[in-house]
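Below are structures written as C-alpha cells.
Both complexes below contain subunit A, partnered by subunit B and then by subunit C.
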Partner chain A sequence: MSADHGVGEVSLRRARWGHGETAFWLIAIAAIFVFSDRYLILTEMAWLGLFALSLDLILGYAGIVSLGHAAFFGVGAYAAGLLAVHGIVKEPILALVVAGCAAMVLGFATSFLVIRGSELSQLMVTLGIALLLRELANKFSDITGGFDGLQGIVIDPILGLFSFDIFGKVGFIYCLVVLFVLFLLARLIVHSPFGLSLRAIRNNPLRAAAIGIPVNRRLIAIYTLSAFYAGIAGALFTQTTALASLDVFSFERSADLLLVLVIGGAGYLYGGLIGAVVFRVLQDMFSSWTPQFWQFWIGLVLVLIVLIGRERMYRGVMWLPRLAMRRMTSLSRSAS
Partner chain B sequence: MTALLTILFDGVAYGMLLFVLSCGLAVTLGLMNFVNLAHGAFAMAGGYICAVLVNQSGVPFFVALPMAFIASALIGLVMEQTLYKHLYHRNPLDQVLFTIGLVFMAVTVVDYIMGSSQIFIHLPAMLEGQFNIFGIGVGRYRLMIIVICGLLTLGIQLTLANTRFGSRLRAAVDDPRAASGLGINVPQVFALTFAFGSGLAGLGGALGAEILGLDPYFPLKFMIYFLIVVTVGGSQTITGPFLASLLLGVADVAGKYYVPKLGAFVIYTVMIVILIWRPNGLFGRVAQR
Partner chain C sequence: MSIRQKTLLRVAAAGLLLGASALAAQAQDTVKIGLIVPMTGGQASTGKQIDNAVKLYMQQHGDTVAGKKIEVILKDDAAVPDNTKRLAQELIVNDKVNIIAGFGVTPAAFAAAPLATQAKVPEVVMAAGTSVITEKSPYIVRTSFTLGQSSTIIGDWAVKNGIKKVATLTSDYAPGHDALKFFKEHFTAGGGQIVEEVKVPLANPDFAPFLQRMKDAKPDAMFVFVPAGQGGNFMKQYAERGLDKSGIKVIGPGDVMDDDLLNGMGDSALGAVTAHIYSAAHPSQVNKDFVAAYKKAYNQRPGFMAVGGYDGIHLIYAALQKTGGKADGDSLIAAMKGMAWESPRGPISIDPETRDIVQNVYIRKVEKKDGELYNVEFETFKDVKDPGKTKK
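Showing the complex of A and B:
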C-alpha cells in the first residue's frame, strides 16, 4: 500500500467484490449438487453461519463482547415456532421477517443495558439476559411447551410453491438464499460510512466521539441489527428442523458461537461462515469418536486456540495460501 | 413469622456457602482483572474429591473436608503456574474463551470418570435432621455450614486486615505496578491467592454438595451465581462479595419459597437492575481503573 492512497481509496478497494468471494459462493452453490446426501448438516452450517455473522457484526466490527447471543436466536426460534403452530403467519419468508423483528425489538430494548459499562459487565448482562429468557420460556410452559419444546410445528411451502422435503434439499437452498441475501446486506452496511464509523468506535471510542461520531447511537443501531440477524438464524433453525426447545437459549449455544467466530476469525464477515463449516465438521468428527463426550474436544480446541494465540493461528493457516499467491505473482511478473 | 425466620436462616446458610465458593473468584478478578469462568470447576473438583474419599475410602467427613481444600488448592496452583499465568495480559475475550474451554473439558472429564448422575456424600449421623430453637427449625447441616463459613470469613477478613501477606495482597489489588515497585512479588502473591481461592472453592463444593447438588454440570449451573456475587459485590473488597452473597442467598431462598413460579427469575432480574444502577457493583468503589 503506497502512501498516496487515501483512506477512502483503501476502504473502497476493500469493499470491491473479489474473486475469492465469487469462488466461495460458487462452492456453496456447488454443495447443493455435490453433497446431496448431507443436506441436514449443510443446512445447519448455513444457519450457524448466519448466527455467527450476526455476532461478527457486533464483536468484529463494534467490539461488543456477548456471552448470551443465544437470547436473540432463541426469541427468533420461538417466534417462528409460535407463528407456525398458531397459524398466525403461514408463509415461511414472512414469518422469518416477523421472527427477526421480534428479536430486533428485544435487541433494541437490551442494547441500552449492554453498551453501558466495561467488557466484564457486558459479558455479565448478556449472559444474564439469555438465562433470564430461558427461565421465562421454562416458566411459561403453557405457551412454550416448557422442557418438551413446542409441539406440532408444521411449516407451509415457501411462497406457497416449494414445500420442505424430507431430504432437506429445499431447506438447505432456502437457508442458503436467506444467508446470501443477508450477507450482501451486511457487506453493504459494514463498508458504508456507518460501518467505518463502527470500526473507529471499536478501535478507540474516545477518539471516535471526539471526531463527532455519536458512539452510543451507533452501538445501539448495530446491536439491534445483530439481534435481527440472530433472530432470523433462530427462525431458520426452527423452520428447517420443526423444533423449538429450551436449549435454543442455552449457555453452550452462546459459547459454541464464540468458538465458531474465533475459528473463522472476526471482522471480515466470512469468518463466521468459514467457522460454521469448520465447527460442524469438527463436531461431527468428535461425536463420531466419542459420542457422549464431544464437548471435551470442543473445550480443548478453545483452550488451544487461546494458548497458541488467535493472531498466530491465522498467520499459520494463511501461510500456505499466501506463499502460493506470492509464487503466482512472481511467476506472472517474470513471464511478462 | 417462624417460616420467615427459617427462610432467613436457610438463606444465610446458602449465602455463606456462596461466599466461600466465590470469594476466590472475587480476588482473581480484582487482582488481575482475570475473568475466570472456570472457577466452578475447582469447586466441583473439591466436591468430587470429598465424595470419593468419604463414600469409597471411608474417610470421616470432617477429615475429608480439609483434604478437599488442599487438593483443590494444589490443582489451582498447578493450573495457575502452567496455564493461567500466561493469560493475565490478554483481553477479556481470550480469557473468557479459554476458561469456557476449561469448563467444557472439566464437565466431560468428570462425566466420563464419575458418570453423569448426581452424587451424594454420606454424612455422619450427627449432621442429619434438625432441632428447634424458639420454634424455629434449624437444620444441623446448615448450622454447621454457617459456623464453618462464618469462621472462614472471619479468618479471611483478619488475614487481609492484619497480616503482612494481607497488606501485600491489598497493595497488589490497588495498584500492581506500584506494589511491584515496592518490592512485593506480585506474581507470587497472586499464585498463592489463586491457590487459596481454588481451595476455598473446593471446600465450598464439598460443603455444598448436600445443598446445591453435585453433578458434572455444576460449574455451568452455578457459574452465573458466582458471577452475580462478584459483579454485585464488586471485587475491590471482601465485604462487598460477602454482603452480596448473603443478599443473593436470602433472595434466592425467599424467592423460591414465596413465588415458586418465578424461580431463578428474581435473581437474574435483580442482578441486571443492580448492574444498570451501579455498573461497578453495589459495594464497589467507583472509577477504579
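Showing the complex of A and C:
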C-alpha cells in the first residue's frame, strides 16, 4: 500500500470518474440488448455484485472480515418477502428500502459485537450471527415457512408501471439501476474524508486513533452501511425470484461472497462487481458443461487465478495476514 | 489505475461473451426434457441416482418415442431453490424444453411450480416427497412417493404388532413434519403412546445427543425419518451409542434404510422394520432385470430415488406415445393422468384427480441374503394413495 506518500493526491485522482468506469457501465447497459436470453443470470450478477460491494465496504475499506455477511442478505430477503406476502408495503422500491433498513438495524445492533475483536474473533462472531439467524428462521417456521421457504410471494409492478416478466428483463434493469445508484453512493462515501479515515483505520487503528479519528464510531457506521447494502441485495434477490428460503442465510452464501471478492480484488469497489460477473460466468459455464464436477473446475480456476494474477491477488489476499502481523507486533509493542 | 481498470474491463467483457452460450435452433421433432437435480452438495446421491436411472432407461428403450427424439438436458441445482428456479426458467425460456423433471428436495419442487403453471410445462417430480407439492400447480405429476403413504402404514403396523411406546426422531423440515404427523395420527389412534419427540436439524448430521435422549426414554421402538443419504450416518451412530443392544428397534418410513447405503450400515441395521415403496429385493421379474441392469451399468445397487427417476422417464415416454408425439403441456398432463404400469417397485398408477402417485407400500425387515443386507418385504398394503389428500 502506498499509504505513506501522497495519500491526498492519490485519492483525489481516484475520485475522478475515469474512462474505464464509463466503459464498464456502458457494457453493463449493452448487456440488456446483447444478452437478451440470459437476463436471469445477469440479474444474479447484479445482486451478487451489490452484495460483494457491501462486503468490500467493510473488508476492503475498513478491514473488518466477515464470514457471515449472508445474515444481512437473509434479513433483507425475508423482509422483502414478508412485506410482499402480507401486503404491508406493496411497491417494490419502497419495500426495498424498508428491507435494507431492517438489515441496517441488525447491522447496527451486531456491529458492537463485531468490532470488538481481532480478525479471528470477527470471523467467528459474524459466522455465528448468520447461523443463529438461520436457526431462528427455521424455528419460526410459521412466519418464515421454515425449510420450504416463504410461500406465495407475489411482487407488484415497480412504481405500479413495470411488472416483472418471465424473461427477467424488467428484473435485470431494475437490479442494474439499483446497483448503479448504490454504487455511486458508495463511491461518494469511500472518497469522502469519512472513507479516507476508514482506510487510515484499516492501515493502523492505533495511529488513526492517535490522530483523532473516532475508530469505533467509524467502524460501526461503515458496518451498518454495509449491512444496509447487503439487505438491499437480499431484497433484490427475493423480488426478482419471488423466493426466500433458509439458504439465504447459508454459510455457503457468505463463503461464495468471499470468493467473489478474492476473484475481483478487494478495496476498489469494482472488485465485487467484476468478481460477481466472473464467478457466475465460470459457474454457469462449468455446471452446464459438467453438472457433476463443476465445483472441481471452479476450484482449479480459482487456484490458477490466484497463481497467475499474483500481483493483484497478492495485495488482495495478503493484506489480511499482513494486517494481523502488524497488529500483533503493535500489540506486543504496546504490551512491552 | 487506468491500465488495471482496462484489463479488468477486458476480463469482464470476455466473461460476458463466454457466458452467452450459443443456442442451437430448435428442431421440430425433438422433445426436450430439462432434468434439474442436485448433483453436488448434501443431496448429491439423489441426483446421481435419478440421472443414472434416466440414462439407463434411455439406453434400454432408445431415444425416440412416437417419431420424436428425446433430449435430456441435465442441470445441477445443488438443492438450492433459487438455482432451481433460475435453471427451470432458463430451460423453459431459452432451451424451450417441453418438460421439466427431477427436483431433489421439496423447496426445489415448490420453486419451479409457478413456472410450470405460467408456461404450461409439465413438472415431473421424481424425488421430493412432501404431500402438498402436487397442489402447487395443475402441471405437477409425481413419480416418487409421499411421506404420508409410508408413515401411516408403519403407524398401523406398529400398533398391530404390540409396539406401545415409541420415541420419534425426525429431520426438521417439511417431509420430516409430514412423516411425524401421519405416523402420530395413526399410531396414537390405535392406542400407542409417543414418549419422546425430537427433531434433528436437517443440515446437522450429528445424531449423538439426540440418540442419548432416545435411549433415556426407553421406548419399545424408535420411529426414524432422515432423508435418503443420511441413513448410513444415523445407523453408525445408533450402533456407536449401543442402541442396537438396548432392544430399541428402528421403525419408520424406508428412507433411513435406503438400498443405496444399506449394505454399508453393518449388522446393527438387522431387524429394522420399515414401510416403503421400493426394495431392491422386491421379488418381481421387472425388478430383478432392473437391478441387474443398474448394477451392471453403475456397479451399485439402485435405491428408491433411482426408481423414482426410472418411473418418471417412463411416464414421459408413455405419455408421448399416447399423445402420438404431441408435446404440449395440456395434452401430456391429460395423458399422464390415470396412467398405470408395472414399475420395478410393483404396480403403480397416477391418480387422475391429484396427479400424485398411487402405489403399494411394503413392510420390510432388514435381513442378510448372500452376505448382503436387504430390505425383505413381508407384508403388502395395496394401492395406497397419498393420505394428505384423501382426507379432504
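What we mean here is this: the second predicted complex is superposed on the first by the 282 of 336 C-alpha atoms of A that agree within 3 Å, B and C clash if a C-alpha of one lies under 4 Å from a C-alpha of the other, contacts with A are read in each partner's own complex, and residues count from 1 in each chain.
Rule of thumb we're sticking to: contacts are C-beta pairs under 8 Å (C-beta built on N, C-alpha and C of every residue); 3 or more make two chains touch, one makes a residue touch a chain.
Computed from a predicted structure; not experimentally measured.
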item: Partner chain(s) touched by A:93 [first = subunit B, second = subunit C, both, neither]; value: neither
item: Partner chain(s) touched by A:295 [first = subunit B, second = subunit C, both, neither]; value: both
item: First, second, both or neither for A:281, with subunit B first and subunit C second; value: second
item: First (subunit B), second (subunit C), both or neither touched by A:303; value: first
item: Touched partner set for A:127, first subunit B, second subunit C, both or neither; value: first
item: Partner chain in contact with A:148 - subunit B first, subunit C second, else both or neither; value: second
item: Subunit B versus subunit C as contact partner of A:168, first or second or both or neither; value: second
item: Touching partner for A:31 - first (subunit B), second (subunit C), both, neither; value: second
item: Shared subunit A surface residues [contacts with subunit B and with subunit C]; value: 135, 138, 292, 295
item: Contacting residues of subunit B [partner subunit A, same complex]; value: 29, 35, 83, 86-87, 90-98, 100-109, 111-112, 220, 223-224, 227-228, 231, 261-265, 268-269, 271-272, 275-276, 279
item: Footprint of subunit A on subunit C - complex, ascending; value: 1-2, 4-6, 8-9, 11-13, 15-16, 18-21, 23, 39-40, 48, 74-76, 80-82, 85-86, 89-90, 92-94, 106-107, 110-111, 114-115, 118-119, 130, 172-174, 201-202
item: Parts of subunit A lying in touch with subunit C, wherever the complex brings them together; value: 13-14, 18-21, 23-24, 27, 31, 34-35, 37-38, 40-41, 44, 135, 138, 146-149, 151, 166-168, 237, 241-243, 245, 247, 264, 270, 273-274, 277-278, 280-282, 284-285, 287-288, 291-292, 294-295, 312
item: Contacting residues of subunit A [partner subunit B, same complex]; value: 59, 65, 67, 113, 116-121, 123-125, 127-129, 131-132, 135-136, 138-139, 251-252, 255, 258-259, 262, 292-293, 295-296, 298-303, 305-307, 310
